[in-house]
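A single structure is presented below for examination.
Which chain is which? They are A, B, C, D, E and F, in the order written, and residues in each are numbered from 1.
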Amino acid sequence: MLKGPFLSRDWMGSVPDYNEAKIVMIGLPFDGTCSYRPGSRFAPEVLRPASWGLEEYSSVFDKELCDVKFFDAGELEFPLGNTKASLDLIEENVLQVYKDGKKFLGIGGEHLVTLPALKACLTKYPNLAVVHFDAHTDLREDYLGEKLSHASVMRRIGELTGFHNIRQIGIRSGLKEEFELMSEYGTLIHRVEELECFRDKKIFLTIDIDVLDTSVMPGTGTPEAGGMSYKELCGWLYYLKDFDIAGADVVELAPDYDSSGVSTAVCAKVIRDVLMIL
Amino acid sequence: MLKGPFLSRDWMGSVPDYNEAKIVMIGLPFDGTCSYRPGSRFAPEVLRPASWGLEEYSSVFDKELCDVKFFDAGELEFPLGNTKASLDLIEENVLQVYKDGKKFLGIGGEHLVTLPALKACLTKYPNLAVVHFDAHTDLREDYLGEKLSHASVMRRIGELTGFHNIRQIGIRSGLKEEFELMSEYGTLIHRVEELECFRDKKIFLTIDIDVLDTSVMPGTGTPEAGGMSYKELCGWLYYLKDFDIAGADVVELAPDYDSSGVSTAVCAKVIRDVLMIL
Amino acid sequence: MLKGPFLSRDWMGSVPDYNEAKIVMIGLPFDGTCSYRPGSRFAPEVLRPASWGLEEYSSVFDKELCDVKFFDAGELEFPLGNTKASLDLIEENVLQVYKDGKKFLGIGGEHLVTLPALKACLTKYPNLAVVHFDAHTDLREDYLGEKLSHASVMRRIGELTGFHNIRQIGIRSGLKEEFELMSEYGTLIHRVEELECFRDKKIFLTIDIDVLDTSVMPGTGTPEAGGMSYKELCGWLYYLKDFDIAGADVVELAPDYDSSGVSTAVCAKVIRDVLMIL
Amino acid sequence: MLKGPFLSRDWMGSVPDYNEAKIVMIGLPFDGTCSYRPGSRFAPEVLRPASWGLEEYSSVFDKELCDVKFFDAGELEFPLGNTKASLDLIEENVLQVYKDGKKFLGIGGEHLVTLPALKACLTKYPNLAVVHFDAHTDLREDYLGEKLSHASVMRRIGELTGFHNIRQIGIRSGLKEEFELMSEYGTLIHRVEELECFRDKKIFLTIDIDVLDTSVMPGTGTPEAGGMSYKELCGWLYYLKDFDIAGADVVELAPDYDSSGVSTAVCAKVIRDVLMIL
Amino acid sequence: MLKGPFLSRDWMGSVPDYNEAKIVMIGLPFDGTCSYRPGSRFAPEVLRPASWGLEEYSSVFDKELCDVKFFDAGELEFPLGNTKASLDLIEENVLQVYKDGKKFLGIGGEHLVTLPALKACLTKYPNLAVVHFDAHTDLREDYLGEKLSHASVMRRIGELTGFHNIRQIGIRSGLKEEFELMSEYGTLIHRVEELECFRDKKIFLTIDIDVLDTSVMPGTGTPEAGGMSYKELCGWLYYLKDFDIAGADVVELAPDYDSSGVSTAVCAKVIRDVLMIL
Amino acid sequence: MLKGPFLSRDWMGSVPDYNEAKIVMIGLPFDGTCSYRPGSRFAPEVLRPASWGLEEYSSVFDKELCDVKFFDAGELEFPLGNTKASLDLIEENVLQVYKDGKKFLGIGGEHLVTLPALKACLTKYPNLAVVHFDAHTDLREDYLGEKLSHASVMRRIGELTGFHNIRQIGIRSGLKEEFELMSEYGTLIHRVEELECFRDKKIFLTIDIDVLDTSVMPGTGTPEAGGMSYKELCGWLYYLKDFDIAGADVVELAPDYDSSGVSTAVCAKVIRDVLMIL
């Protein structure tokens, strides 16, 4: 046999054995309902090598990735063009993660992949709360007639968890009626203290990476001016580090629009931060 | 009112009135079953301004676009993520084109858009032959279980027209069984004379732009080494100029992978050439 | 006739009829005196499709574009290389806009296009004030001997309106003598309250998009470090919403330097914001 | 003083002293009448460092650049936006080159820069012939009313030299009347032997780099499908090596459309080849 | 455990078990002596996902990758900046491959990686011949004083195997003395028949991907105009399919200069072709 | 001789004569130990033309470059792949600068180039302090066994100057032990006042341009989220303007990752700012 040494093909800092892990990272290369610029399907594949450009140690969280026992399961293979079957495949695998007593970390793909993952998480924790970072409300009843759309994912999730169990951060784009829905339920928050109501709940954390400003994150499907800096997002995650997060995902990186590679580098760091608080 | 002059927003050389036209150009921004690099949905939108970089006159065909009466209808708006409804929308509109006694020219989008257009054409001309330029056979029975896929479009078409009514040019990639199917029916041809069997038939011409070599056409979803030069493709089209072409389309330009803009420029010229022979 | 539905080729939210409109948007694809990176001529053409990536509703202004009656007139066609004739063409068309009792919104093109538009506006409102967002003073007496230059446009405008009728925001680059001129007339301001002197005047608003930081707006001809964030610019526009703005333009987007597309997306949003306050 | 060694800032293989040189290379960063994609103004500046990626030795011409005594004069500084003054500046400097008994090699910039250079050459050699490589005829009477345009440069030149003194190679785009003009004077040729009529004449060689196919030369203002390979162009130049070339230029490289850098690399090699035959 | 299905992270068509394999593919991400455009270190990492864009079946070789038993060992991890130690690491691992009775296929990295691999192969087959595809001779005695350089790799190899055991194809750039060396030993060949002298020998095949024309392969460190098309290269490989190839490598893809992704796609196909003939 | 005028090939505002200069700018195109994305070797070459996009006057420092007497020496030519010899070459030239009673300004290249320059400066000023802007600690004992690495440069420097003579600003990435070393010596500072301890010392200022946020500076080898804006960096430099800076460098711009050109533009401006305070 060859002695190598060979570079690892897994995410930096991951453990090689599923059984040893407390967290299971699954790539979800699905962008079938994308309405504008497609290609988030390529995100998990480019994030893995990019992860090796990071340090394992985070000075913010004063923690090393080797202290976080996570397993990199790879990317699911989807039946192309069949949204329903794709979502079922996600749900089934995430259910298994929770059945095995582990936490789930999804790497999108478009935002619709959150729906089946959250369903699976909800099976284990029926009283789940959702913390949602995004530029867009994603609260449409449907998009051009389709109910299963990235633009409707939070509406579908709210129907499952109740909208009072959702808090949304960074939202700056949507229809008038979506903003009214946020007002009605008070989902849109602006200060970390507004998260306190979820202090004793299990939380699913979903980060649409376009919550970051277009200057920080050009590589996404629907860039929207006026977003957060990385430091602001990191501040929110730091606040969440003592909350009880049962599952999470980071979605909507679109590498084809990231010619400099920095969107991917920033997204990889956000994922490292999420790993630190899971 | 303003006097302008204003730049035209239609394809260079098109006529402003549907009724005046013999050919109707319709943009088909659909890429829902794309298995590799998406974004052909953006092709019609970038081809229109690029058309103004061409001359109206073609020295090869010694003809000006103003002699070709074509109407630029714009792009259809599709229900995103609903393949079936999208294809129906195409079929319905192309049926109308033929009902109005005109010829159809489709601008893809992915190759699956050819299926409903051809169905509509077949309604008018039941004995239709198909001339197919492509790098890929597109003859799969299904792709990951899906029968309505860009990788299966010629299989579906062959089921409608009979495979003996198909000739394929430039094919260099496919499964072993797809190549065997081509052998069985003799669909794969290499010389213009092999088109003679279609001399007296109505023809539907479908050009997947990846028939061109990767050096000529980087901006496509599934680039495949070993293809034609533009001059070779133009030679085939020149040979076809005395055939009876009842409809045509040009598909699979993916502008996101065309940073220099030349794929778009070449594709616009191919469309101009097709207009010259329709 | 075809039933479609077809995607609109006009700016999102525009009205189809000139007579119905209160605002007329005209594309001004001119970059003839550009001294550094050219290509702002392509801005109007790429902004239109990009506008469809925005929502019609702005939560900042709590208003929808359908409430703003604006007409998208398309792009003027210029005699290439003839600066004088190009500027005359702009002036003539903008004069007509004001004659028809409407407001003008110009989409550059380079900053020199502001001069003829402002002249036309001044014909109607002789006591016009100018609010100018830019990274550069644009106050040169001439540029390499040329008096009609994007680098001299505010000097020429000041000669028409008087420099005391100008306020400049975001300026961070210029010659020593240009900064001295700004000091002499107090044109350079840093706080929104400094706009109050224009409270009762008709205002022409001109935004050189390079007022935004290079991180936000790489796609411009002369990027200059140390600029505003989008939120800051939006704050200024919000403050201006109760002022009486008689005309406006947004200039200097250079799409060739915007490989990720986000400069275009941000610029389209700025234009939407300007539409909200016109 | 510093010992270095420092990298040269001149073209690879050039001599440091004007007086020592037989050929004078002058950069002409002018693109003021460009009708489509601008930026050829940046070509001389990027070609110089790219020249260092070449070998000094050419195996085709079996010759080294150090055997060609050429001086790299740098780039002329133009009064921006003033076409007339820019052309005069070129003419004046090229006149001096011929007055000093040297040959001129121009590096464009757009094709219009050929006009004043050729005028200067014509002063010395009144019976000059012109060999013109291009995708476009450049024979328009005027372009949008302008007689001094890159699209009219060969028309203006023909008026000076007589059209019978012009041979054009690689032309594949133009108006019907331009092709008729070429027919009338037999300027368009396809085989090297057709150059023989110029065997005993002084020749000015002008190469619009878009004569190369779009696959070879994406980085140009008006890319046109169906062009030459580099090897074909090199073959023509090889044939010309025994002709009496009195001056030359290579124009229309547009570096902003050359994200891979290969257009620049190829253009640098063409310039090296021209140096070999001057 | 998770059921997936998960996408494979190995090269398409590879076998999962080293012992089962006849061929061992090793990534060699080393570009330490690159003199011009660096980044071939990233080639193995991008080629793997790109391999999944190919079909397993090659119609040229009428063979499927599943019939080729090859193992994808991953990328070696090199001590950065230490050329000597890096080359030793390669040699040691390739020696093991031959000790285990398998063939080696290296994926560069820069061309210098060929030297230690060839040394290892030579240990097993002392009478080895070398077939070398490249744009450059790589026959320099040294490069800026360094003997271990990508520009000297064939010189070093010739010193080991004898220059009469080398045939070079596609060479079009080098110093005068390098071309003279090629003449002296007759290494440079232009027709497939000239390979016949190696009919009964063990062959090491080394392909510097810049042998392809710049239009086909922009994504390489030292692009050189006037190269082969993919079809020509494929023709040479087809001829070699009945020769006894004991080892091979494909080097010098530089993904940072491949914005469209087609260089990577073409290189992946060349590797597939090499796998077909190994 | 030619009259021109010709564009300057030196940095904007530099003096033509070494003897006249107080500051000597030397380009250091070395990136031999780069562990991630290479190409900082190209930075000096692209910064020079980019410098001409700046104004000579800085309104922040109220000073013009013509008041700063600096000489642009050009780029050193390095023996490729020989780290030791390259560093010696730098040291030798910088020693000469100080021997001639001038100040040194280095333009990297990677960060390791700071080591020999600082050594030379230390020869003249043995009690030198170091102010270090960077995203990374650069305090590793070694990197993959190599002690001369960009990741170890500050460790090597601290061994020469003592770590108590170092202040580090903007650091946000490193190993746990590196952060502990910074804590031990208090090198990491966050407020300008913490620089006061160096008020009476000679200072060497070294700026790794990745201290800027990824949104501002995508074009660098190891982009790291959460960095400074340009304004923040400029604020630090403004504070330093009354300190006694004996030498400086700006390193790690990687132009290949700067498709929009703004990283280069920002870096050029930072260099202008450093020239203002030297």
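Methods note: a residue touches a chain if its C-beta (ideal position, glycine included) is under 8 Å from a C-beta of that chain, and two chains touch if they have at least 3 such contacts.
Bear in mind the structure is a predicted one, so any value in this text is a computation, not a measurement.
S.K.: State which chains count as neighbours of chain B and simultaneously of chain F.
M.R.: Touching chain B and chain F alike, sorted by label: A, C, D, E.
S.K.: State which chains count as neighbours of chain C and simultaneously of chain F.
M.R.: Chains that touch both chain C and chain F, as defined above, are A, D.
S.K.: If we define chain centres by averaging CA atoms, which chain lands farthest from chain B? Would you check?
M.R.: F
S.K.: Please name the chain that ends up farthest from chain C once chain centres are defined by their CA atoms averaged.
M.R.: E
S.K.: Same or different interface residues for chain D and chain E, judged by whether over half of the residue numbers are used by both?
M.R.: Chain D vs chain E: different; shared/all numbers falls short of half.
S.K.: Averaging only over C-alpha atoms, locate the centres of chain A and chain B and give their separation in whole Å.
M.R.: 39
S.K.: With chain centres taken as the means of their Cα atoms, state the distance from chain A to chain C in Å.
M.R.: Chain centres of chain A and chain C, defined by C-alpha means, are spaced 38 Å apart.
S.K.: Considering chain C alone, which of its residues make contact with at least two other chains?
M.R.: 37, 213, 215-216, 257, 259
S.K.: Which of the chains touch, listed as pairs?
M.R.: A-B, A-C, A-E, A-F, B-C, B-D, B-E, C-D, C-F, D-E, D-F, E-F
S.K.: Please give the residue numbers of chain C that touch chain F in the complex, ascending.
M.R.: 36-37, 172-176, 179, 213-216, 218-219, 222-226, 257-259, 263
S.K.: Given the complex with chain A, which residues does chain E contribute to the contact?
M.R.: On the chain E side, the touching residues are 1-7, 9, 18, 24, 26-27, 29, 45, 49, 73-77, 92-93, 96-97, 100, 259.
S.K.: Over in the complex, which chain E residues touch chain F? Could you list them?
M.R.: Residues in contact with chain F: 31-35, 37-39, 41, 78-83, 85, 143-146, 148-149, 256-257, 259.
S.K.: Mind pulling up the chain F residues that touch chain C in the complex?
M.R.: Chain F reaches chain C through residues 53-57, 59, 64, 213, 215-216, 229-231, 234, 259-262, 265-266, 269-270.
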